[in-house]
Every structure is written in structure tokens, then in C-alpha cells.
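To keep things clear, I will list the structure first and then write my remarks on it.
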Amino acid sequence: SNDGGGTTDEKVSIGLHYELKGDAADYGNAELRGSQLAIKLANENEDYQFTYEGIEYDNGSSENEAITISQRLISDGVVGVIGPSTSAPSAATYPILNDAQTIVVSPSATANNQTLVDPDDPNSDVYEYVYRVCFEDSYQGAAMAQFAVDTLGVQKVAVYGSVSSDYAKGLNTAFTEQLEKLGGQVVANESYQDGDTDFSAVLTSLASQEFDALYIPGYYNEAGLIIQQARELGIDCPIIGPDGFDANTLVELAGADNLNDVYFTTAYTTVDASEKLQAFIDAYTEEYGEAPAMFAALAFDATNLLIEAIEKAGTTDKATVNETIANMEFSGVTGDFTFDETHTPNKSVLVVELVDGVQETAVSVTPE
Amino acid sequence: MLEIKNLNVYYGVIHALKDVTMCVNEGEIVALIGANGAGKTTLLHTISGLIRPSQGEILFLGKNIVKAKTRNIVEAGITQVPEGRRTFSGLSVYENLLMGAYLRKDKAQIKEDLEKVYERFPILKERSSQDASTLSGGEQQMLAMGRALMAKPKILLLDEPSMGLAPILVKEIFKIIEDIHAQGTTVLLVEQNARMALSIADRAYVLETGKIALSGTGEELSNSEEIQKAYLGG
Amino acid sequence: MTVFFQQLINGLSLGSIYALIALGYTMVYGIIKLINFAHGDIYMLGAYFGFLAITYLHVGFFPAILISMALCAILGVVIERIAYKPLRNATRIAALITAIGVSYFLEAGTQQVMGTSVRAFPQVLNNQVFNIAGLRITEQQIYIFVTTIVLMLILQFIVKKTKIGRAMRAVSTDSDAARLMGINVDATISITFAIGSALAGAAGVLVGIYYSSINPLMGMLPGIKAFIAAVFGGIGIIPGAMFGGFFIGICEAIVSGYGGSLFKDAVVYIILIVILVIKPAGLLGKNVKEKV
Amino acid sequence: MKKMLNKANLYWLLFCVGGYALLMGLMSAGIIDAVNQTVIQTIIVNIILAISLNLIIGITGQFSLGHAGFMCVGAYSAGVMLKQIGGLNGFFIGILIGMVINAVLALIVAIPTLRLKGDYLAIATLGFGEIIRIIVLNMDITNGAAGLVLPRVVDFTILFVFMVVALLIVVNFTRSAAGRACISIREDEIASEAMGINTTKYKVIAFVIGALIASWAGALYAGNFYVINPGMFTYSKSIDILVIVVFGGMGSMTGSVISAVVLGFINSFLQSFSNMRMIIYGLALVMIMVFRPSGLLGTREFKFSSLFKRFTKKKEASQ
Amino acid sequence: MTILKVSDLTRNFGGLCAVNNVNMEIDEQELIGLIGPNGAGKTTLFNLLTGVYEPSSGKIELNVDGQMKSIGGMKPYAVTRLGLARTFQNIRLFKDLSVLDNVKIAMHKNIKYGVLAGIFRLPAFYAEEEKVEKEAINLLKIVRLDHKKDEFAKNLPYGEQRRLEIARALATHPKILFLDEPAAGMNPQETGELTALIHEIKEKFKVTIILIEHDMSLVMSICERIYVLDYGKCIASGSPEQIKNHPRVIEAYLGEEI
């Protein structure tokens, strides 16, 4: 039978390997939806020759589970895998999938050198079958420092970041390095744990210090509350952050009133949405009854990238598809890009400004 | 008043009570004696509904209470002073006594009865705000009896009330039992101290490995040679 | 110095939340000696019940908190009947494992039903800020603090002075003897769970309002902190749980307020261990040597 | 020598060698696929963790919730050495370092805190485990929250050998005078002391042995599963281990083994339920404990002799 | 020869003086009775002597190899190692262990192989374990429990549990044996059997025995000397005959007739 838009009966399996429960479930579920939508749309696409099927697994945010799930996916015969969302399960997943020559496209594993066999050694080999569609932590951390100094004219910055995630750690390091390179200075370095809700103690002490901007490397769940509590305590300098800010939840938690003079780096913005992006937003909103945020968009792109490569290669032979991806020019909802030699996208970083909680402007920044 | 017919109780495979049949008439003191592990405590627990028999009937004032819940049995007028006293530590003496009247709603009457208990056991009044766990063994035994009296029982089941008590206290406890009996409460008394128990009992039963081996009036049994040898150490 | 006092206030309000959860926790512990690992999750569900009541029934603060308390009480009783009652005669640690199972179930179940994402809690209480001698105190902080104290007093009253409280304590020391007094042991334990869980429900709603953020895993951390608070104060001792909660809150606030945010938990644990080594039965616990 | 080769020991020897040969054979024949191989590796690490905790909780009766801390030290010692020196050499040096650190740490915790009882001890050890984790989280050599990405250097044989050695140590310990002393502490500390047993000493010994074996488990994890980070060693990990121990039956080593196997396969089986997995797992835990409150084996040990007895009895009955 | 000397021993619990200035001197192989009303401090005195409680003041001295050694405030295990063993008023057996294991555990201090020898099963392990097993069974024979050696201790009837506790105490090779109400909960016949057993043990092991008991038939028939405590104070001491007729003892403890 031919139930989708595909022209062959062959079902192509794509592994969806996400954190659906546990600490990182919020990101995993958003990405699962992005992937499911991409597969649905692909199957409705008359031009595509294959029919796609997502095979979903929950790794429960555990590295150990991630390994067996990877192996399951291999034995399920998937062409490629999308996921996991976060870095640690990803690191446990890549060697296995790569050994089995199964393609991985990661939506959001942003850790520095994540796609290398030894992330501590920048000269080590890249995993041949592993790609990601997000940029590296160091890249956007540096870009934010650049923007802060150049555009906001900031010199002294207070950093208040998560200790629980390598994401925050990578951002923090890159941001600090670049800031110091540009003559700025981190005057306070504080940290919280993911899941914390009370930030008043640190913010009280920050409020009594002097700085020009507050950098919050972390995700929206905590950032939203930090912004709200900071503003209430009278910290009214610019607040800057990474793409982890990008979610409606940030607005709900912080309150629209408090989201002025807030800037964050991202690859995905709804400001001046392209036709392609608008189509995604509409389709997503129709499917799930809410607007997509960055994680969904990244997963949508990652899934589409794999699908397009299969279509373009015209085969499900993994080696051929892999070669296709490595040389592909992809145009997605999070931007147009090709892969560099570490299989990380060459994407420009956008800095988005929030005004009353609404994305107002987006400017492109490249760190020097 | 209390009639037990063909009672059989098992703990898993252990047959703890075998076809026990006995009765306690209103106004009597009935003693139940027997060696360690004969099943005396088991029998009292079964009467109070803490253990379910596999077979048999327990009639109290003509009503079968085999399937009744413990609190209904207590409400009907059967109160037990358990082996080893089991006063509530963490509760004061006063609170322990109130626990005895847990099911009663007649506040004024409770207060009166409390005074009566204090009168009977003056030491408890002295210690009324002390944690029960810090009482000496004898005091705890009095507390356990006082607590049971607070329920205004029709029949009082006593499980080895003299265990571990100094000789002088043993005498006192038995005096108190006779006293309580004299004021109209029926008593079923389980004892190791057979001599004392038989001396105050109207009738007695001897339990041997779960079976009723002998029964008779207190005097009959005291004089029986068998009993002399086995239980009175003579 | 103002900053120090401000941190004290910050710590006290954070501590009130730990205390609020710890109160119900320690009460259940005091009666049936169960480490109810699911208590934090009942608190989480309390927050969700409040959230749903406000969002879909459009009720105000007080009805929301009452609805949440009622539902949590029912939930607590149901959990007790299904998961804990069959294990009453088993080891305490076995019951702990079922509690963990219940906790997994509630967390994953809520993630499934309500979604995994953080929800913003509707603001049904206005939040005026008072400035007293340079110190910033919000109305909500006062609410939470006062609620904690009041609930502590009520609980203490129930357990120490009422008939049902006496029954609870009697059941906790000797359930068979309690049965012989005519106490309905099952009902008494159920009531204990109902009260403890209702308290968790109230805490959930208050915290939802205070931080305006709830999520299915929000009970994990405070759950364990409440356990620590309860132990710190002397487990089973109601005022102890409150002081334990305050202590942890203040400790965290002071440590992170003075630049130690990286090590705030470590510092709390170190102080906790030191205090336990000095007072092995907790702050208010009496170190009774077992009488042999 | 003769005594060592008694019947029971012989059975166990046969069982170990046979089990190893069988698993090896099935793996190389591909009958046990990659997924199940990983499941088995996880189970072996969990067995080592569970028996080491069982020694502390089940045998000695000391309620510790800090076991993840000791595992953490083992994992990071091996991990850092794998990074610095590399290969199996680095791995084994790492194990030794981990054991030294853990021995010291275990002594530091044990001597003051083992005076505590029950839940007070649980919280103190939990706090201690968390302190270790927080220190690791804030060190440079451990790479903080990001953790370490490691090559796989451990194979099935190494895992199996460590498991057997750990089992031997724990089982032999529990069946010696020292083990009896520990058991008596669990049963009744006051009586135990009155029988001339230095309870503090034996609690500390059990705690240290448990910590050392836990550090092996950590090292094996690091050498086998590619990545370690501090987030893996929170108190929830200690609780996971506790679940295995209690589920198997406190004090029963064979129970811990069987329980790790059962829970490992239940977990693996549930993976195909995608996002209903944790819900079912939670329910399963409740159900299992409700129906078997003292764990699979209670405090008993699985014995071949009793199996044979049962077997022969059945035969007799059928004849 | 004096084996145990207690001078001015006092122990307070909060405001309560449970043991008040007690003096005792006990010779080798004596059989001493300790009696007194409930709450008089008898068990507390035992607890002080065996290290469970620390004395508030006063001295406890034990004859160790001819030297009087102060043992007040020592840990229970250390006291036991010096040769004091006891049973408990409320039975404290290792309930979930076998009868045999209960005895083996108590032999701990005389086992001569170390932790490592146990783990690595060195020859010393096998040699010692064999010895331990033999001795344990011997002890069980004496208290007539050898046929129940594999039974769980908790499954024994009460009287047998009491005997097992005595066997367990003997397994520590004591010089002095403390028995806290060994006959409580026994009927007269069982008490009689116990009396014989205590005699037998004393003869066989040449131990000094100090026992607390409320059953006067037992105390008066076997004790050579008796101390009487009341409100923590020693109010009388002497032979059974003297005690029986001591007016203060009759008033506080025995009651009028005996």
C-alpha cells in the first residue's frame, strides 16, 4: 500500500532517540515533536520516493540506557538516528552508532568537540557518521561576549550559570575568554543547580555589586525565574544569555514585563520569519496547539537533513547517505548551512532582543 | 458469659490451639494455667480478635464474636491486659489511662472512672505526667490494669500479670485482682504462678500444648497430684 | 550588615518551604516510621492540583489550596492502602522501596499526563513588597512563613493534645496493644497519611505561587531536603522538622550569598554531619540509650 | 586444601567457569546480541555494586545512602588515569588509586558517622556521597559537569573476573568470624557488644570493604560505558543500588545477583515501551515489593545443595 | 580470692539516682543473688558492671591475672574480653540466626584468624572453624539444645531461649556470669530444671555467677550470698537465711510471709 506521498513501498526507519523522561525530558519531548512533524510532512511530500517511519525510544536521560537504545536501533535496522538531546547520553551513543556505520544527526548536543572521538583532543578524528545541526557552545559563548562589548558597550559582567550542565560550563568558559580578549572582565561568577527555584540569595549579593550586564548561561526553566527575581530585586542592567533562553516558558516564568533589555544568542528566531520558517511554525502550531521553540526547530531540521540526504542519495545505503550529508548544503528553519570538518554546521549566530517578552530584533554576530 | 467452642488456631503449620472448649460465667474468676508455649496467650489474642481462628466459635453474651473486629469486641465489654504490659511509651501515664477509655464517649463518667483508678493505684496519680516507659515493672503492670479498667469491661482478660514482679508486688497484684472481681468484673486470668492463681480462682483450666488437659475448681486442681507435680513444683 | 539580614530573610523563606514539606513528612514518619520517599511527589501533585483548580475552575487562592489539600489527602490515603499497608509487617527498608516505586510512578505519570515542561503558576495572590529598615520582605514570604508556623502549631496540637493524636502515638509504639484499646489502627494510619499529604498539598500550592513555576520533577530536591530537615531536627519531632527546614534554608542562603554558591549543598551537608556526630538524634531529639 | 574442594565450593567453581564459557560462547555465536551484551555488562556492574552495598546494609545492618560517592571515586580515578596514561595500564593504575582514595575516605566517614543509627546514618552518608560528588563537580582534572568521555578498554572477561572476585571476597568474608560478627551487629548491636565484639571495628571493616568494591564497580563502569559525569553519581544512584539489594533480599548475596539480573532485564524489556517505561517500572517495583516484602530470597542464600534436595525429593515423590 | 570489687558505685539518670553508692566484693566461684523491688536498680547495676552504662561515679575493679584492674566505663566488648558475660532481662538473642550461630558469634574473642585469612580462606580458617563448631556443639549439649542447633533462635520456646542465652554467654569463656531474671516467665517445674542447670554450669566451668531473680524459690535454694537493692541502695547483704529474716527486706521486698 502507499499511504504517504512516497513512491516506493520501502519503509525507511529513522531512530528517534530522546530523553522523554527524567531530568532532560523537557528538551527531549520538544525534539520528539519536531522530528515527528518532519517525518509526517515528508510522508505527505509527493516528491519524495521513500516512506519514513520513526522508531521512538526513551533513554530516560540516562547514559547507560542510551547505549542499549543505540544498539536496539542498530538491530532495528535504522538508516540514521536523530538525538539524543543532551551531551552526556550523546557521548555514550556516538561510538556505538559510528562503529555500526549508522548516521547520527544531533539536534542539540552542543558540547565543544562533541563530534570528535576524543573531545579533549581537538586534533582527534571526527566520528565519520556523526553530525549536529546546532552550533558549539564555545561559538555562541564567544559571540555573546562580542555582542556585549561591541553593541551593548559592556565592560563588567556578572555570570550566574548552571553547575549541573556542561552546556553552561562550555558557554561560560568561551564567554569569559572572549570577553577578556576584548578588554572586558567577569566581576562575579556564581552558579546554581538545575532544578533550583530560589535564587534570591545570590541575586541579593549581586544586587549590591556593580556590573554592566548579567550573563546567564543555562536553560529557560531556571533563567526565567532568575530574570524575574533579578528584576524584582532591582537588577536592571541588560541580561544576556544563550539559546537556552529560547522558549515560551521563559516568558511565562519571567513575566513579559521583566523581559526588557534581554538578549540571547540563537540560530532560530521568529523575527522576520522566512516563508519556510513560517510554514514550519504554522504546521507545528496546527499539529500540537502551541508555537514551536528552538528545540523543536532544531530537531525538525536534523530530521529533515537526514530525510533530504536519503532522498538525494536515492538509496538507504548508509555509506552513500553519509557521503551525501557531508557535502550537503542544507537550508532549514534554523538557517542555511554546510558542515565543517568536525561535522558542525557553519551557521551564523543571531542575537535576539526581547522587548516585553517579544522577539523584537535579530542581528547576526561573528566572534572575532 | 464467655463460651468457647472447639476453637482451633494455626500459626502457619503450627497447630497452636486444638479444639479448645471452655467457658467463663458471669462473676467468676477463671484461671488458665499451662507451661510456656501451651497457647495461653494465643487463646486470649483469639478472644480479642487479634488472631483469627481457623475453626470454632466464641460466644460472648450469646453472640458469636469470632469474626468481629477487635474494637467491636472491646466495645462489647472484653478488655485485655496483654502479656508484658505493653503500655504506650511516649504517652504519659495519664494519656495511657485515657487510651483505655478510647471508645467511650461519656466524658464526665470517664473522669470519674479516672479518679477511681487513681484511688486504686495511688502511685499512678503521683506519676500521672511521667512517660510510661520510665516506670518500673510493677508500676507498668498497674498502669496496664488501670488502663484496662478505664474501658469499663464486663470481662477482664489478664495475661501473666505477675511476671517479673517482686514478691511483695505479686501479692499486691493478686489482691487487686480479687478486689476488681469483688466490684463486679468477671476475670479470666492466665498465670504461670499457678499456686497464686489457683488460690483466688473459682474455676481453672489447664492448657497443655494447645489442648485443655484438665479443668475443675481452684481447690480441686490445687490438690490434684498431677498439678502439684507439673505446675506447683511440689 | 543589611545584606546579611536580607540573606537571613531569603534563607528563612526558602527554609519555610523546606519546613512546610518536612512537617508532613516527619509526622508520617513519627507515626509509622516510614521514610516516605513519595512525599515530595505528593507535594508536586499538590502544586499541580492547585494549578488545575485555578486554571480550569477559575477559583481563588483559598479554594485552590483547599481543593489541593483534599485531593492530596485522598491520594495519600490511596497510596498508603495500595503500596504501604501490605508491607506493614515487613522491614522498614522494604516499605522504603515501595515508596521509591510510588515516587517513580508519580513523577513519570505526571510527566506523561501534564507534559514534561515547566508551567507558570497563575498569580492569585498579589505580592506587595515591604521595605523595612532597608530590608526587602514580600507579602508572599510572610504568608509562607506564617503558614509554616501556624501549621507546625496545629500539627503539634493535633498530635499532642487530641484524642486522634494520642491514638496515632499509641499506634506508633504498639499497634497490637492499640487495637486492644479499641483503636482502629488502619483508620488511624490513614488519617495520619491524609493529614501529612494534605500538608504537602498546601505546600505545593504555596510554593507554586511563590516561585510561579511548577514541573513534574519539582518534588525530588525538596523531598530529599525535607528528609534532611526532618532528620536534622530529630526525626518524628514536629518542631524539629521546622527548625531543620529553617536551618537548611538559612545555611544555603548565607553560603551562596557570600560567594559559595558552588559549594552551598556541600556546606549544608558538612554542618549536618558535624551536628549529627555531636547530637546523634538530631537537634531536638533526645539521645535515649536503649534500656536493656 | 581438601576442605577447600568441598562439594559446595566445587559446584560454585563449576557454575562460574561454566557460566563464563556459556556466555562467551553465546556472545561470539551472536545468540546474545549487542543489546543484551550491554545489558549483561550493566548487570555485572550492578551486581558488584549491590553485593558491596549488601555487605554494609544487608549483612552489617548499617543503612548507607552514600554508596554512589564511592562508585564516583572509583569511576573518576579510572577515568582520569585512562585519560592520562591510557589503555589497560592506565585503567588498572586508576583502580589502585581509586581503592586508596576510597579506603581513606571510607575511614574518614565511617569512624564518626557509624555511631549513628538508622535514618540518621542514612542521611549522614547521603550527605557524604553528595559532598564527594560536589567536589568532583568542581575539580578541573575531572572536567566538571561535562565529565569525561572515555575509550572502552574493558571487555566481558575483565568484568566477569572482577565480579567473581568481588563475590568471593564478600561471600568468604560473611562466612568467616568477621562476617558473623557483622551479622550479629545487624541482629542486635547491644547483644553483639556484650558478646565481646568490637562493633565499631567491624562496622568500619565492612564499610571499607564495601567502599573498595564499589570503587571497582565505578572503574568498570568508566572503562566500559564511554562517558562519566558527576550527574551519574547522585544519591539517586545510591537509591538505585539500594533497590537492587532490597529487592534481592537484604543480606542475601545470591539474592543481589538474581535481583540485578531480573531488574536489568525488566529494564531492558521496558525500553520498548518508550515513554511509558518509567511509569511501568515504578508500578512494577511497588507490585514486586507488595508480593515479596522480604525480597526475592529474603535473607536466605540460594544453595545448590537445597536445589538438589528439592530435585531429588520431587523424584522420590514421583517414583 | 576477690574477683570483683565494686566501690561507691553510683549512676544517675537525670534526677533519678538508679544506683546509689553500692559496694560489693565478690570472691571467685561464688554464687551471688541480687534481689530488690522493681525499679530498684538491679539491671542498671548489671549494665554498669558489663559496660553498657558508664558509672556517674565510683569504681569497678576486676581481678585480671592476679591484678585488680579498673573496668568502670570500659566498652562492653572490652569488658566481655576480660571475662564478664551476661544474659538480658528481655531476651536478646540473635533471633533470625540459627542456634548454632548464636553460640559461634559469642566465641568471637577466642578465634585466632584474621579478616584476611577469612576472606582468602587460609588454612588457619579451616582449622579454627572446625574447633569453633566442635566447642559450640559441646556447649549446646550442656544446655540440652544440641538437637535444635539449626533451628532459628526465635522459633525456640521461651524456656529454651533462656537456656540458649546462657550457652551463648558461656561461649565467651567468662570468669563471671551475670544472669538477669533467668527464671522469669517459667513455671515452677521449669524453674526447677533451671536451678539444676545453673548448678551444673558452676561446677563444670568454675565460674562466678551473679543472678537477679524475683523467684525466691530459686534464689534461696542456690545463692550462697545475697545482696538486696532498694531505691538504688544496698539495704542488706548476707546468707539466704539472714536475708529471709531481715526486717527491711521483708518490708520492702518479700512481704510478710514467705
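A, B, C, D and E are the chain letters, set down in written order, and residue numbers restart from 1 in every chain.
In this section, a contact is a pair of C-beta atoms (placed from the backbone, for glycine too) under 8 Å apart; a residue touches a chain by one contact, two chains touch by 3 or more.
Bear in mind the structure is a predicted one, so any value in this text is a computation, not a measurement.
K.L.:
Supply the minimal count of touching-chain steps required to go from subunit A to subunit E.
P.N.:
The fewest steps needed to get from subunit A to subunit E is 2.
K.L.:
So which chains count as neighbours of both subunit C and subunit D?
P.N.:
Where subunit C and subunit D share a partner, that partner set is A, E.
K.L.:
What pair of chains is linked by the most C-beta contacts?
P.N.:
C-D
K.L.:
Once you find the CA centre of subunit A and the CA centre of subunit C, what distance in Å lies between them?
P.N.:
Between these chains, centre-to-centre, one finds 36 Å.
K.L.:
Which whole number of Å gives the spacing of the CA centres of subunit B and subunit D?
P.N.:
So the centroids are 51 Å from each other.
K.L.:
Compute the distance, rounded to whole Å, between the mean C-alpha positions of subunit B and subunit E.
P.N.:
Inter-chain centre distance comes to 32 Å.
K.L.:
What whole-Å value do you get for the distance between subunit C and subunit E if each is reduced to the mean of its CA atoms?
P.N.:
47
K.L.:
Where in subunit B do residues touch two or more other chains at once?
P.N.:
In subunit B, no residue touches at least two other chains, as defined above.
K.L.:
I need the residues of subunit E touching at least two other chains; which ones are they?
P.N.:
Each of 52, 88-89, 92 in subunit E touches at least two other chains.
K.L.:
At least two partner chains per residue is the criterion; list those residues in subunit C.
P.N.:
Residues 108, 111, 262, 265, 292.
K.L.:
Could you please write down every pair of chains that are in touch?
P.N.:
According to the stated criterion, the contacting chain pairs are A-C, A-D, B-C, B-E, C-D, C-E, D-E.
K.L.:
For the complex, give me every residue of subunit A touching subunit D.
P.N.:
Checking each residue of subunit A against subunit D gives 20-23, 56-58, 60, 63-65, 67-69, 71-72, 74-75, 87-88, 91-92, 95-96, 111, 118-120, 162-166, 168-170.
K.L.:
Under the stated contact criterion, what part of subunit B meets subunit E in this complex?
P.N.:
Going through subunit B, the ones touching subunit E are 33, 35-37, 135-139, 160, 163-171, 192, 194-195, 229-234.
K.L.:
Quick check on the complex: what are the subunit C residues that touch subunit E?
P.N.:
Interface residues on the subunit C side: 289, 292.
K.L.:
Across the complex, what residues on subunit E touch subunit B?
P.N.:
Against subunit B, the touching part of subunit E is residues 35-39, 89, 157-159, 181, 184-192, 214, 216-217, 252-255, 258.
K.L.:
In the complex formed with subunit A, which residues of subunit D make contact?
P.N.:
33-35, 38-39, 42, 83, 137-138, 143-147, 149, 151-152, 225-227, 229, 231-232, 267-268, 271-272, 274-275, 277-278
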